[in-house]
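Each chain gets a letter, A, B and C, in the order it is written, and its residues are counted from 1.
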Amino acid sequence: MNIEQKLQELNITLPNISAPAASYVMVNQTGNLLFISGHLAKKDGMVWVGKLGENLTTAEGKQAARLIAIDLIATLKQHLGNLDKVKKIVKVMSLVNSSSSFTEQHLVTNGCSELLVQVFGDNGKHARSAFGVSQIPLGACVEIEMIVEI
Amino acid sequence: MNIEQKLQELNITLPNISAPAASYVMVNQTGNLLFISGHLAKKDGMVWVGKLGENLTTAEGKQAARLIAIDLIATLKQHLGNLDKVKKIVKVMSLVNSSSSFTEQHLVTNGCSELLVQVFGDNGKHARSAFGVSQIPLGACVEIEMIVEI
Amino acid sequence: MNIEQKLQELNITLPNISAPAASYVMVNQTGNLLFISGHLAKKDGMVWVGKLGENLTTAEGKQAARLIAIDLIATLKQHLGNLDKVKKIVKVMSLVNSSSSFTEQHLVTNGCSELLVQVFGDNGKHARSAFGVSQIPLGACVEIEMIVEI
């Protein structure tokens, strides 16, 4: 089964990802590596604002991370045309907007990690770091960047 | 126009970057990639101390990020000798010393991104992540690291 | 002298690193680069909980970073079999669980950087970023990830 069929099976429709407003790009290729810019959590097309340990539950954070994973795949699709060109997901860095006492960034980030493995199988298994940050642009609850090998 | 001429046109003089005190290096090459260590914001040769959302404005933070970009280019120049060896700026990670409610890390980071594009043109367009951190070594207001392809 | 002999000389015994519980891996290889997932500080096999600037001293944080470096080397050993395959330590990212006023993340991180150079010599000299984060999974005081060339 190819990746598009896998997405269909999971009932996932890829959104359109708009180009950044500033002097940077969503994807930058060097050799056979793609560096994908940090993607902010969105819900219904708007930035999903919130802070874990303050006004969002771990379950909501995990859902936000899952939605970011879908956006990251959408960015990959726009860049590559064909998602079957993905050889492996190399690395994920997950930034969780956290109060100074919230310690479940790993559970939040699983929302992203689990979707990547559902979609890409063993090639979706990645190295990762997850940690709590004091804020994120526009107040987003989670931001995730990714390195992909094609 | 080469990069040195571009810097001159922009009235930018590259400072001397001192070697780190500890067991690390400012630039490390692997293959044709240069990993550049996090550079702290400086003003008049001193660490620029402050926290966005507390005692620095977004405009000041943006200026700090611009100055870091100049320091990053200075580090590149010291390492490469000739800045025309830069093939592209691959990735920028920008850490903004932020209160728990400051949400304009992207605007701060534009100070770096815009300068990189002014200097390197299309080759300066990079993937990036920007987010708020609870503190930075020596209290610096911004810290930025970079990956460059040569 | 090879790396195993060097570890013996430093009286370092490598622990067993358990596989992650979730959909990610401790090491992911792309080309001749190994991306190693963020490792949490541990003490006597348990997560070393704490926050710098609140309930841990810089010296304790530095010791935590040194112990993480040993765990990172243990992960490398499990992946590579033979540590002499390490060509260089490319990059370290060190996240220090910090109060909003603690500014010695660089001194904490030296605990990792110094050990890497003790063990790998000049090949252990790496690019690095160190900064303060608002929290870390399970409340760990330090988390460090690494990129290695083999």
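Note that a residue touches a chain if its C-beta (ideal position, glycine included) is under 8 Å from a C-beta of that chain, and two chains touch if they have at least 3 such contacts.
Just so we're clear, the structure is a prediction, and the values are computed from it rather than from any experiment.
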| item | value |
| --- | --- |
| Homomeric contact chain A-chain C: same or different residue positions, threshold half | different |
| Angular offset of chain B relative to chain C [C-alpha, multiple of 5 degrees] | 120 |
| Euclidean distance of C-alpha centroids - chain A vs chain C, Å | 25 |
| Chain C, residues touching no fewer than two other chains | 31, 99-100, 133-134 |
| Interface residues, chain A side, partner chain C - complex | 31-33, 53, 88, 90-92, 98-106, 109-110, 113-114, 116-117, 124-134, 147, 149 |
| Contact set on chain B toward chain C in their complex | 22-28, 30-31, 35-38, 51, 93, 95, 99-100, 133-139, 143, 145 |
